[in-house]
Structures are given as C-alpha cells and as structure tokens.
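Letters A, B, C, D and E name the chains as they come in the text, with residue numbers starting at 1 for each one.
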Amino acid sequence: MFITFAFITLLGALGMLLQKNVIVAGLCMVASFFGVAGLFVLLANPVAAALQIIVYTGAIMVLVLFVIMMLNSHEEEKAETSRPIQRWVSVALVAVLAVGAVKLVLASPGLKSLAVSGAPVPGAMTLQKVGFTLFADHLLGFEVAGLLLLAAMIGAVALTKRNL
Amino acid sequence: MNLTPSQWAALLPLILPALGACLIPLMALDKDQGTTKWIRAAMYGTALLAVGASFWYLTDLWITGAQPSFYQLRMDRLAQFTGIFVLVAAALTILQSWDHFHQEGWVKGETIALLLFSVTGMMLFASTTHFVVLFLGLELFSIPLYALVGTVRARPESAEGGMKYFITGAVASSCFLMGGVLIYGLSGTLDLGAAALTLKAQGLALDPLVLAGAALLLLGFLFKVSAVPFHQWTPDAYEASPHPIAGFMSVATKGVAFIALLRIFPGSLAPLGTVGVKMQAVVAVLAVATLVLGNLTALVQTNVKRMLAYSSISHAGYLLLGFVAGTPAAYNGVLFYLVIYLAMNMGAFGLLTAFGLVGEKTTFDDLRGLGWKRPAMGIAAAIFMLSLAGIPPMGGFYGKYMIFRELVSTGHVGMAILGVLASLVSAYYYLRFLVALFLQAPSVEAERLASDRPAVHAPLAGATVLVCAAIVLAGGFLQTFLADGFARRALVEGLGLIR
Amino acid sequence: MTGMDAILQGGLQGYLVVALLLFAIGLATVLLRRTLLMQFMGVELMLNAANVALLAFARFRGGDAQATVFYLFIIAVAACEAAVGLALIIGLYRHRNTTDSDRAAGLKQ
Amino acid sequence: MNKYYWLIPILPLLGSAFNGLLGKRAGKSVVTVVGLGVVFGSLLLAISAFFAMKALPDHRLILNYGEWMGTGSLSVPFGLAIDPLSGTMMLVITGIGFLIHVYSVGYMHEDEGYARFFCYLNLFVFFMLMLVLGSSLVLMFVGWEGVGLCSYLLIGYFFETDFAPAAGLKAFLMNRVGDLGVAIGMMVLFAAFGTLTVSDILTQAGHLAPEVGFGVLTFATLMLFVGATGKSAQLPLYLWLPDAMAGPTPVSALIHAATMVTSGIYLICRLAPVFTLTPITMDVVAWVGAVTALFAATIGLVQRDIKKVLAYSTVSQLGFMFLGLGASGFAAGFFHVFTHAWFKALLFLGAGSVIHAMHHEQDLFKMGGLKAKMPATFWTMLVATLAIIGFPGTSGFASKDEILYLAYLKHPALWVIGVIAACCTAFYMLRLFTLTFLGKPRDHHAFDHAHESPVSMTLPLAVLAVGTVAAVWLGWPKAFGGDFRIEAWLAPATTYGQLHAAHGEHGSHQLAWGLAAVSTLFGLGSAVFGYFSYKDGLAVSEARAAKFPFLHTLLLNKYFVDEGVELYLLRPIRWFGNVLWKLFDVIIIDGVGVNLPGALVRVFGDFTALFQTGRVRNYALSMALGAAVLLYVFLK
Amino acid sequence: MTWLNSHLLTFLVFAPALLGFLILALPQRLARLARMLGFMGALAFFALSLAWLLGRGGGAGINLAERTPWFTLVGLPVDYSLAVDGLNLWLVILTTFLVPLTMLGTWNSLKDRIGTFAALFLMLETGMLGALMAQDLFFFYLFWEAMLIPMYFMIGVWGGDERRYAANKFFLYTLSGSLLWLVALLYLANKAGGFNPAVMGQAASTLPFGVQCWLFLAFAVAFAIKVPLFPLHTWLPDAHVQAPTAGSVILAGVLLKLGGYGFIRFAIPMFPDAAMHYAKPLALLSVIAIVYGALVAMVQRDIKKLVAYSSVSHMGFVMLGLASFTVIGTQGALLQMLNHGISTGALFLLVGMLYDRAHTRMIADFGGVAVKMPVFTTFFLIVTLSSIGLPLTNGFVGEFWILNGTFLSGFAWGRLYACLATSGVLLGAVYMLWMFKRVFWGPENKDEDSGTHHLHSDLNAREIAVMLPLVVLILWMGIHPRTFVAASEAPVTALLQDAKAPAIRTFMLKPAVPPVPAADAVQAPAAHEGHAEPAAHEVHR
C-alpha cells in the first residue's frame, strides 16, 4: 500500500521533472499530489488528505494550470543545448543530496527510536481535534495566516491590476 | 474571546501596522479623479499614523521595561528593539516613497499596504522562537516584498527582479521549513527553545537529522541576510525595486534576519552546543566569501543601486564576523552596527530620491556635480559614504570597531585583518560616489536633461536623509548611548545573554 | 527491523525517504527547468515534501494535532506564494512575452 | 675695547644688510659710504684687537657671546678666538678687503647693481671673518659655507649672462663637495674629542701621540683636507676657480686670490697640532700640493685670457702653500698665504685696471704696449710679477724659497716638482706681462681708447705694491741671515704646547743656499725665456705651438678635465636619477607596488561580477551548492 | 570664562572646526565674507595659541593637559585627553601659524567655492591640532583618520588635472596603513584594557618579543606612510603636485610631521625594544630616502614635483635622527620637522605665487625670472638656502644635529650612515641651486608662451607680508635654535632613558704617555667601540 502511494508520488514528481510539455507536467504533478494524499491517509490523517485534495489539487494546481493555459506556454521547452555545466552540476548535486538524504535517514538514531516507539497506529486525526488545537494554541498563527492571505491577495492585485 | 492587558500590550505593536495595512486598500477603491490627491495623502497619512502609533507604543513599552507576551509571541526587549528598528525604517521608507512615486509618476496605496504587512511580518519574525509563527512571519514579510519588488509596472526589470527574488526566496523558505520540520520531528515540539532542551535531554543533540535541520534553518536566515552564496538575488531585486523599497529591503530584511538569527542560534539553540560551534565554523567561511565577493563586485559597478546592493552584501559579511567572534559584546556590536547601518543605507537610498534619479538613471554619471547643486544632500552623502567606509568619526566606524575588537580578542586576528582590508577596498567605491558628487562636473547632456526636467522636488526624502545623517553622526558621538543604553539592554534583558 | 525494510514497509524512515526524495526532485526541477511555471511547481513540490515529513513525524508521535494545524498554515502559505508568484510570472510575461527564465535575464553583473 | 670686538664681523654684516635692503633707494654715494665705512671700521677694530691680543701673555684672546646651537652633549658657543694666526688673517681680510672695496668704487661705478655688489662684498667680509675668528669648528664652518655662498653670488653677479650663473653653480657645488669632507671631519673630531671648540681640541690633541698608520685622526684630517682642496682649489676640486673669473675683477682679487681660497690653508694651520699627529695626511697634503702646483702652472702657460692665467697661477701658488704645510712648514705655508695675498691681489687689480682700460677686453693677444698708456698700473704690476716669480729679495722669493727648502727636506722629488712649477710660473708671468705692457699694441682700436684708471683704482694698487715689498720683513729666511719672524710669531697658534711639535729639521745653511741658487737660476732663466718669446709678438709662440700640437691642445684645453667630468660623472648621475625616477619610482614602486594591486582588485571584481549571470537557475544552483556546504560542515 | 580656563586645549582644537561649520552654513554669495572670517579666525587662534601655550609658563616646563574619561565601549575605556608638552608644543604652534599664513598667501589663487575651501581648511586645522595634542591612542586615531577627509576634498575639488587620482591615492594609501595599524591597536588595547599609551606600553613589554615587533611594525608602517618614508612615499608627489598651493603647504608643513611625531610620541616609547631592533632598517631606509629623494628631485621638470621629492629627502633626515636614539639626533629630528614645515611650506607658497602669474610650473618654461621679479627672487633664494641647509639658516642646525647624532649613535652602523647621509646635503644643493639657476638666472626667456613672458608683476604687499615672517623664522631658527628645542630637551632625554637607548659611541684616543707599542696603535674608525664617559652624561642627563 505504502509502496504504491510512494511510487505514485515519486513517479508523478519525476514525470513533472522530465516532461517537456508544461501542461502534461502539471498533470503529472496533480497525480503526485494524489499520491501524497494517499500517504496522508496511510498516516491516519484523513483531514490532511482531504485538504490536500481540495485545496492543493483542487485550488492551487488548477490555478497553476489555468495560468499555464493563459500564457499559452504549452509549447515545449527546447532540448537543453546550452549551459551543460549548470545542468550536470545540478544533476550531480541533486543526486548527492538524494543519496545523502537516504543515508541520513538510515543513520539517524533518533529516527529509529521514534519509529519503534511510534509503531502503534494512533486514532485517526479528526477535524475537531484540529480545530481545537488551532484555536487553543495557534490563535496567533491563525490570525497571521489570515493577514498573510490578505497580503498575498493585495500583492497579486497590485501586480496585475490593469489600471492603477 | 477576551485578552488580558499584557496580551494586548504584546499584540498591539503588531496590530497597529496590520490595521493600517487593511485600511489603506479600502481607500484605494475610490476611483474619483478629483479626490485622488486627498486619497493618496490619506493613505500615506494612515500608514504614518499606524507606524507612528506603534512606534510610540513600543518606546513606551521600552521605557516601562515590560516584556509582555501573547501565545508564541514574545514582545521582549529584543523584540521591542526590532520593532523600533523596523518601524523607523518603515517610516523613512514611507516618507521617501511619497516623493519617489511622485517623481516616477504613479502612487499606489497598495505598495504602502504591502510595506505595512511586511513590517508586521518582520516584527513577528524577530519576536518568537516558535517555529510555526517564525515561518508564518517569514512568509508574511517575504511575500509582500516579492510583490513590492515587482511593483514598478513600467519597467520590465521590475517584474524580472521580483520573479528572481520570488523563486530563490521560495526555495530558501521551503528549505527553512524542511529544517524546522526535521527538528520538530526529532524533538516533538515546534518551539525551537523547548526542542533544543528536549533534544539535549534525549541526547539527540548530535543526531544527523537534527544537524541537517539546523543547517537548513541557518540557510533560511543566511538567504535573508544575503550572505554569499545566497546573495545573488540582492543586486537584481534592489535594482528592480523602487529606491525606497530597495532601501527598506537592504535595511529591514537584513536587520530582522540577523536579529532572528541571533535569537534562534546563539539564543534558543544554545543548549545544542555543537550546533553553535558548527554555525560559527560555517559562518566564518561564508563571512570571508561574503566580504571578498561583495566588495570586489561592488568595485566594478557603474549603477549606484547595484553598488549599494553589493555594499550591503559586504556589510552582511562584517555583521557575520560578529557571529564568528560570538561573544555577547560582539552581538552587542552587531546590534549597534545594525542601527547605524539602518541610517546609513536608508540615507544612501534616500539620496537617490532626494536627487531625483528616476528609472534606470541611477549610474554614477547621473550623480555628477549634484553635491554642489544640493549642498545639504551632498554633506549628508559624504557622511553616509564615509560612515559606510568606516572612517571615524562617523558611526559606521564604531560598528566595525566593536566587531573587530571582539574578533581580535577572540583570537581571530587574521579575520580582523581581512576585514580591514575589505573595508579598504570598500573605501574606494564609496569614494567614487563622492567623486561623482563633488569632484566631477556634470556631463553636458546631463545638464541638458536637468534643464528640461522639472526641478527636483523631494522635501520629505530630503528630510529623511538629514535625519539619517543626524543618526549616523549621533552614532559617532553618542556611541555609548546607542551601544549600551539601547543595543546592550536589548541583548541582555531580551535574550538573557549576560556578558 | 533494518533500515531497508523499514523504508519499504512504510516505517517512519520510508515516509522520510519519500519526503526527502520529493524535496530533491523539487529542487531538481528548479535547477533544471527553464520555464518559470515549472520552477514554480518545483517549489510547490518542495513544500509538499516538507508536509509529508511533517505529518509522518506527527503520526509517529501519536497523531500530534499541532502538525496538522501547521500543515494547514503551510497550505495557506503555498496558496499565497501561488498567488504572488503567478502574478509575478504574468507581469513578466506581459513585458517579455515569455516564461523562459533564462531569457528574462536583463539584470546581471 | 674688548666689549666692541664683536663688531669686527658684525659691522660688515650690518653694512651688507643695509646695502641689500635700502641700498637701491639710498643711492650710490650712501652705499659707498656705508660699504666702505663698515669695512674700515672693522679694520680699525681689528688692529686694536690684534694689539690687544699681542699684549696678552699667551697671545690668545677668546671672546664668548653665549650658546648658539647646543643640545645634548654638544655645545657650540658664539665665540671669537683671536690669536696670531687668526689675527693676521683678520688683518689681511679687513685690510686688503678695504683696499679692494675702494678699488671697486671705481671699477663698478657705472654698474646698476652697485648696491647689490657691495651688499655681497660686505657679506663676504662678514663670513670670511667668521671663518677666521670662529672659536669652534662649527662657527668656522658657518664662515666656510658663507664665503662659498658669497663667491657663488658674486661669480653669478652678471646673472643675466649665460656663463656666469653656470660658473657660480659650479663653484658652489664643488665647494659643497669639499664641505662634505669638513662636515664628516667635524663629526669624527666630535666623536673623538667630545667637543668642537678649537682651543679644547688643540689642548687635548697636545697630549696625544702621533698616529702610526691609518687612524681616526688620519681619517678626520684627510676629510678636512678634502674640504681644504675644495675651498683652495686643489686637485681634484680645482675646476671651479678658473671659471670663477666670470665674476667682477675685484671679486677675483679679494675672494679668488687673496682671502677665500686660502681658507683651506688657514684651516690646516688652525688645526696644525692635530694634523701633526697624522703623518699620512701630511704626506698626502704635500704631494697633492706639489702636483697641483705643477699641473696648474702648465695650464697657465698657454691661456689667452689674462684673468684665466692669473687664476691658474693662483691654483698653482695654493699648491705651493699646501706643499709647505705638508712639509710641516706651517709657518712657511702661511707666510706664502700672506705674501701671496698681497701680490696676487695686486696682480688681479692690475689686470682689472687693464681690463677696465681696454673696455672689458680680457684677451692677452689683443693687448700690448700698454706701458705708455697706463704707467701706474705698469709699475705696480712689475713689482707683483717680480714677487711672484721669486726674484731674489722679494717677499715671494722669501716665502717660496722657504717652502721649497722644507719640501726638499721632506722629499727631494717634491723639491724638483716645486722648482719646475716655479719655472712655469716665471714663464707665464713674464708672458702675461710682456704681452700686456710691452711690444706693440695688437688691437689698435681698443688701444686708442685705453686710458689710465681713476685714482680710486690706482691708489689701492700702490698700497698693495708697498705691502708686497714690505711683507718680506715678516719672514726673511734664517738661511739668508734673516730671522724667520713669522714662525715664532705663529708658534702660540700652531703649537698648542703639544709634545710632538711641528719639526722642520733644519739642515745646513749651505744646503739652503745651494737649493735657493738652483731654483732661482732656473726661475730667472725661464722668466727671461718667457720675455724673449713674446717681446715681439706672437710669432715665436705660435711656431712653438705648431711644433708640439698635441701638447699645446692638451694644455689649451686644460687636459680636458671639464669634458671628462661632464661625460663620466655628471651625465651618469643625471641618467641614474632618471632611471630611479622613471623606472624605479614610477614603474616599480608606484606601478607594481601600488597601482597593480588596485588594478588586480578591479580585475578580480570583473571576474566575480561574471557570476551574476542574471539567470535565476544559476542563482538557485549557487544556493544549492551553499546548502551542500552547510550540510557538509554540519554533518561532518 | 572659568570653563575656558580649564579647557584651553579643547577650545584650541575644536574652535576652528566650529568656525568651519559656521562658514559652511554661509550662502554661496557671501563666500568672500566667509574667507575673511576664516582668515580672521585662524589668525585669532594663532594668537591664542601663542598666548596660552607660551604665555602660561611656556617654554620648557609647560604642562597644559586635559584628561577625562570619555566613554567605554566593548569594555575598553577611551579617555578624552589632550596635552601640550615639550614634544608637540612647537608643532602645535607651527600648525596654528601656518594656517592663517597659508590662507593669506593663497588669497586669490582660488576662484570658486572659496568659502567652502576656508571651511575645510579650518576643519583640517582641528584634525591636525587634535592629532598633535591627543594623548589617548583611540582619540589620536580618530583625529588621524578624520584629517584625511578635508584634505581629500581639498585635493580632489581644487586640485590640478589629475586631482581625482591623486586624492584617491592619498586617501587610500594612508587608510591602508592606518587600518592595519588599527588592528594592532585593538590587539594591544585588548591586552592592556585601554588606550592609554603608557598602560599599553606596559602591556606591550610583557608580550613576547616577536609580537612586539609585529605591533611596532604596524605602528611604524602607518606612520612611515605619512612621513613618507621610502618606499612608501609615492603618494606624495602626486598629492603635492595636484593639490592647490594651500593644500601642498599644509601637507608638507604639518601632515607629514605627524608621521615623525607619531614615532617619537607613540611608536618608540611604547615599543622601545622593537624600535631599537628595527632601528637599523629604519635608518637604512631613511638614508635611501635621503639620497633617492634627492636624485629623483634632481631630474624633475616640474618645480612643484621637485619640491615634493625634496620633501622625501628632508623627511628622510628626520627619520634618520629618530633612528639614532641619541638626544642630539632626536632633537635634530624634532627641529628638522619644524624646519621642513617652514622652508618647504615657504617653497610651496613661492611656487604657488609663480604659478598664479605664469600658469606653468615647468622649469624649462622659465629663465631670467630674476630680471622681472627681483624681490621674489630674493625670497626664493633665501628659502632655497635654508632648504639646502646653509649655516645660520634653520636647515643647517637640524641636519647638523641629526648627522652628529647618527654618527654618535650607539649602533654600529651609525657612523657609516651618517657619512652616507651627508651626501644628501650635497645633492640638496645640486637640485635646488640647479633649479634656481635654470629658473631665475640666465638670459630672460623671451619666448612668447614661456612662463617668464607672462610674469608682469613682482610680489605685492600681501605676498611680501606672507613671506617676511617665514624668512624671519628661517633666520631665527638658524641663529637661536634653542628657542625651539629647549622645551623638548628634557622629555627627549627622559624618553631615551626610559627606552634604554644604547650609550653613544665615541673614539678612544691614545695619550702620548705612556707610549704604547705600535702593534695595537692601529685605529681604524670601526675598530674600537669605546663607550666613553660622554656617553654616560649624554644619556643620563
């Protein structure tokens, strides 16, 4: 089960990375997000899964795709001819980081102990719990998030509004 | 729900600018041409009012010495210091942008609103150790800045600069986020202070994931202070953005990031001893790189704004040297330096507005002979440049002095020598500014342009410049008041670092 | 159970590996693709990686609700970044009529 | 009277100041009065001071007027030391000086720089007196450099011409070379004796043993001697003196014949007790003197310019003096200074009178037959000529013969050289005399306008002639039944009661007679030869010159020394200076040391600027690399 | 008034700057008034400095001092501390004297922004006086750096064609030295816990010798650049040639002195051992500077540049005297500083006067100037003579003392270097008089575009009024130098005593009785290092 979703996620991501056509790439990303949502379900967190589908996939990615359409930049990226240095250095670097990450995960003692101690599956996350925590401990964060959204909105308006 | 007075006290300094930020766009909705002028005035008035009120309130807090808190927000002395710092910068920026936008020919309330949002974010960012709030604060002050940089719709560079800043910034903040998550994961708490304690208790201080997390956190800060190699967005973003905004970014972003870095690394994460050690090790390397690269590149710039951008990079290098020394006195020096730096850079960017350099006309040649046309501005410019170069008796000298002194006393003599050599190089390009202002006659075609361009009218910017000059000089002659009475108390009573 | 098994059988390590790999892929997208939209999506991917790690940790800490709340905020942030970022991209497109970041390199040196 | 003696040097200084500041406005008559008056005043004071000194038991009158430039262990008082030596010089300076002032009144009367001239002349008298009377070496050095300055100013008196400034510069610089020697010598002496006051040095020196081999004092005295060669125009620093004739003739008489050029000899006599301690130096002095005497004399044989001839003869005579000193005959040497002062001054003034008469014509070959036109000049010149060629019974004979005698005792070779030089002297003096006064006029135009000089010029000639004759009274050699009075006279000054007194060990009178006879015969012979070669025009000499073309050219061009100096000394130095400036200063230090780093920094800057590609992907990559670094540092 | 009585020095130092700012505030159209104000003020400050410094028990035993704690930053106390004593008394007076004189001398040579120029000039005066009087190293450093700023603008704004290059060079050159020095300063202050020179000296003496040497070198380089000592002198010709006359005068007259003063006031007393360890290299460089400067000056074509290089040569004498570590040498150095201030200052003024008339400084453009400007020629000749060290002028006394001091100095090389240095005296005469001959003597240069051709007027009353005091001083210092060194004798002696300078070396002379065998009677100058009695009372006076 985990393997499946993990594969969906990573393959989607890889697809996005390698796909020349921007729209297809966007769709790959959507797929990968679905995979992530699945992982969340496995993590006994249906709330997160739902949000992932609704907000991320449903809102953000659609917005992105919409913009892609608008800028009709679905023409394919020309094959990378220039700047091989940038390319190969990046590839090597990313590869190193990825391998390093796996090693890291395996090396970390804290992680092991955690994995063992946290083996028993907790009860599924509920909206009630989330809401309670949200307003009990994270009132400040909630407010700030609100401000943030407002700021982003105004920013977007300021950037795109035609007539001043 | 109802808040206790102390919670209000903690929240109010943030609420006021936020409130202003929310009100201003509403005013922008009015489209009646006849009243536009008044609307604009009202917007700027509101903004100044909000900032001023918050400033007044903070100073009041400072005087009473109360250090209230609201949930994860800690309005302690350091936070108050930050608040005052940011608000002063914001006020100067607002005043300058009034003139600048008139010169550019368009005034938008949104810009001021965004500025206030990012002010709120900055104050938040520097006054908490809780990762969630920290991250939100970071975003709250970054996102409006992305927008602000790209806001000059007339210039293609503007959108480009904003885009670059956005992409790099987003990468940096997701690294930051990942770092925080890792630390949360291994400690189980989102408050970095508590996390450090628990990790120490569980003996996970050396866990590779923790270290990786700390490294990614550090990356986030270093990006904001634009230290090499996370600096490349800086010149492009500054050149792209309006002069006052560039000044604001150069000062406030850097300052807040340094203060937060101070609060998190030497502050909260202190229990994880190794993290501090490694932080100093890596910062030493990056500081050297920053000094060298920043100064050398600044040397060959022809555009004043880019020169100032690289100079701000190199100044990040000097401030990082303070972290290399890592003594309370050094942090004291860092805070002091930040105060002077605020005045120096806001002043320097304010000069561009005061001299009425619009659009891309910000090369050294555009400055020629202006020092004699506007003597007061010229003198102020001399003060700023000499102070940036670290020539006594300007304030900048004392900042460098305190930091180098600590470097030497902690045995980093080599670093100190490199530092002074760097400032020797820097002296050259700061002098170039003065050369253009005083030692060169304006070119013919510049004269022609000046003749058919309406006379420069920038009273507010001029005023801000003079204020900045006054602060810089004060830094030179009241240095103890600023260093001990202001910076040191913030450090000692706020962060609890005892020297 | 040994590291590899843990990874394959969906232990905490597994989720983290997925997260970090996602992160790497996101980074790779930013580094390797020229189209601004792609780079933007890479950033989104990096944020998601963080989400995965976050919630995985939360689950193994006995379903910590704080993490979910944080996840909520992160989504908000992502949305904001999307809004501003896309606006910037559009603005740039208006001037340069392209979304190729390499060709939008007027500011340099 | 003692309390007025400080006026001896100061009076001329005041006169100079007055003439310099107000002279132009005051007018020539006032200038004349002041210029002459001050010198005459100091002459009177000098006489009184002289006798006051003689009245004292130890013949030493030392007057101190407070500290000048003392610091640390150095103390230099303003002080005048009057003893027989300095006293005599003082009289010579003020006396002959006064005469020449009088002479100048006539000689310079139509010059518009009249006031300036007397300003310089008075100033010279002041400095010369300082040089003579100074109680410490430093104070003497003041005069030493001061007279150099005055000679510089007076040589360059006609500054709007081409050659005069050049000659003045040459004189000053060559003197400076010598002054270096004096300065170094003073430093060594100070380090050795801990004082620079002459009397103290001499007293201390009195208790020292002569140096065997090359020692400190030898070094010091040699350095001082270098100075002496500079001032007294000895090899190799004689070059300036002939050129110095560019100055007005009275100047040549006063400075470049009578007084300044003898200060080298004076210095050595002053420090005689120290020099006595250093045999090596004495030998050097003697040999340099002898060689110079001959060298200059040979050049003198062929010069056409009347003043040039006299100049070379001066050099040669100075050589004789040094020869005398070197042979430990301080008295003899100084006696020659004394006599030479009279007859050489006379010769120059006579020449001046001739030149004046010939409307500034100085070429011997254009003169002739002036005997009829200017008898006074003729007769006085005759006296002087006889004296200089050492005609038996004249003062010149007395002094020169004493020197040659001592030279023989020191080393026969020296005597031979001396005699040859003497013969040359006799020859060219007669040549000069004959060409000027005898024979037929060669330039009738000039001859017709020639006239006897005014009394203000002839009177001094007469007085000097008397002096020339009378001088013999001071030092008729013992060998010829005289009592070499001056030796005893100077004793208090030259021998400061030291153990090893100056010892010219006296040979027998027969030897003296023999030597004198030989030298005199040769001298008179060559004199006669000179007369006959020129009495009827230039034909004979031209024929002879044609016979020895090489020798003639060599002598005519003064052995090409000036050209050699220019080519092998001055040019290389200037070239070296240019190399230092253009290559070392501008290119190496400033270019490589200063500007290159700056340029390099800029180049590095251009390089680092390349990293700012403007492509966001590159920015992100550099960030990623940075992240890698961070992670590496943190995890390692 | 009571405040003033206890703060005379504060007033002297800061009043000029205040006046300067006042003048700066005056509008452009009042520039002439500003200039007049500045001149009057400067004159007043000169009078006050005379009255106060000499009046109040002037001369030897003077001790005007102010010392109060100023501030403590990062744990290092900094004192506000000014003092005038024997070492700096006459340098201070020289400064206050030269400023008004220069203003008067260059009254009409500047046409534009004369008010600003006067203001900068006064600020510069504050900087110089402060640097001369400061007794606390941090305080000294402030003035030392602050001085650069007005000078930079004076060169850069009113200078010649290459002024920007020259100004930058001057600024960065000096800055490079003083920045490294700052690090050393911090290092030492950190050890000493303060900037009091005495305390720092104590702390330094406890450090390992190697460290002392490094610190001394840092000090020495900073000061040597100002002096300027070969090979750090290359900023000088550019700065001098490009600077306006007034700038050159003050540069030569005072700024260069601060280098030598720094040595005698700080570097040597604080690191005596290191100083003596480096005495030989210092002296060697000085000798090189003397000869080198002279040789290069000899071949210059621009009068001003010639004078500039002559400064290098003259200041070489100063350094040589300091390196001799004898009372005579050091006193000579102090006097030579004053001499150079007067003579070279006067020379620059004269060159300026010539330039104002002829608008050229090329030697080749002149010739026969004496015919057209006799008075000017006379002044020039007198100054020239003082600059080549003719006796009875100031130049001679200083050089004579320095040479003797060096010859006597306790170091083995002293005698050799002294002898070498004398050649500087000769070369000095060569380049100065050669220049004099080519410019003033010889037939008048009738060429249409020659400099001589443009000379129409001899010196006017103002210019004569400027030159007379200088000439009087030249003679005064030559005839009664003790006026100017009496005050410093005691401090210098004490200083050398504390520094444990080696006793002077004299020659042992062999008395006649008893006669000694000829074998060891051979005495080559270098052969005997006798420390005779004079040594004792030389050092322990």
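To be clear about the criterion, contacts are C-beta pairs under 8 Å (C-beta built on N, C-alpha and C of every residue); 3 or more make two chains touch, one makes a residue touch a chain.
Everything numeric here is computed off the predicted structure, so don't read it as measured data.
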item: Separation of chain C from chain A in steps, with touching chains one step apart; value: 1
item: Innermost chain, taking as reference the mean of every protein Cα atom displayed; value: E
item: Most widely separated chain from chain C, with each centre as the mean of CA atoms; value: D
item: Label of the chain whose CA centroid is most distant from the centroid of chain A; value: D
item: Averaged-CA centre spacing for the pair chain C and chain B, given as whole angstrom; value: 27
item: Between chain E and chain B, distance of the C-alpha-averaged centres to the nearest whole Å; value: 45
item: Rounded Å distance, chain C centre to chain D centre (Cα mean); value: 99
item: Whole-Å gap between the CA centroids of chain A and chain D; value: 104
item: Residue numbers of chain C (touch at least two other chains); value: 16, 23, 26-27, 30-32, 34, 39-40, 56-57, 61, 66, 69-70, 73, 77, 80-81, 84, 87-89, 91, 101-102, 105-109
item: Chain D, residues touching no fewer than two other chains; value: 598, 609, 612, 614-618, 620-621, 624-625, 627, 631, 635
item: Per-residue multi-chain contacts in chain E, two or more chains; value: 172
item: Chain pairs in mutual contact under the definition given at the outset; value: A-B, A-C, A-D, B-C, B-D, B-E, C-D, D-E
item: Interfacial residue positions of chain B with respect to chain D in the complex; value: 163-164, 167-168, 171-172, 175, 208, 211-212, 214-216, 218-219, 222-223, 228-230, 232-233, 235-236, 275, 278, 281-282, 285-286, 292-293, 296-301, 425, 428
item: Chain B - residues contacting chain C, complex; value: 132, 135-136, 139, 143, 146-147, 150, 153, 156-164, 166-167, 170-171, 174-175, 177-178, 181-182, 184-185, 188, 190, 235-236, 239-240, 301, 306
item: Parts of chain A lying in touch with chain D, wherever the complex brings them together; value: 86, 89-90, 93-94, 96-97, 100, 104
item: Residue ranges of chain C in contact with chain B within the complex; value: 16, 23, 26-27, 30, 36, 39-40, 43, 46-47, 49-50, 53-54, 56-57, 61, 64, 66-67, 69-70, 73-74, 77, 80-81, 84-85, 87-89, 91-92, 94-96, 101, 104-109
item: Touching residues on chain D, where the partner in the complex is chain E; value: 67-74, 138, 141-142, 145-146, 149, 152, 156, 159-162, 164-166, 168-169, 172-173, 176-177, 179-180, 183-184, 186-188, 190-194, 204, 207-209, 211-217, 219, 499-500, 573-574, 576-578, 580-581, 585, 589-590, 593-594, 598
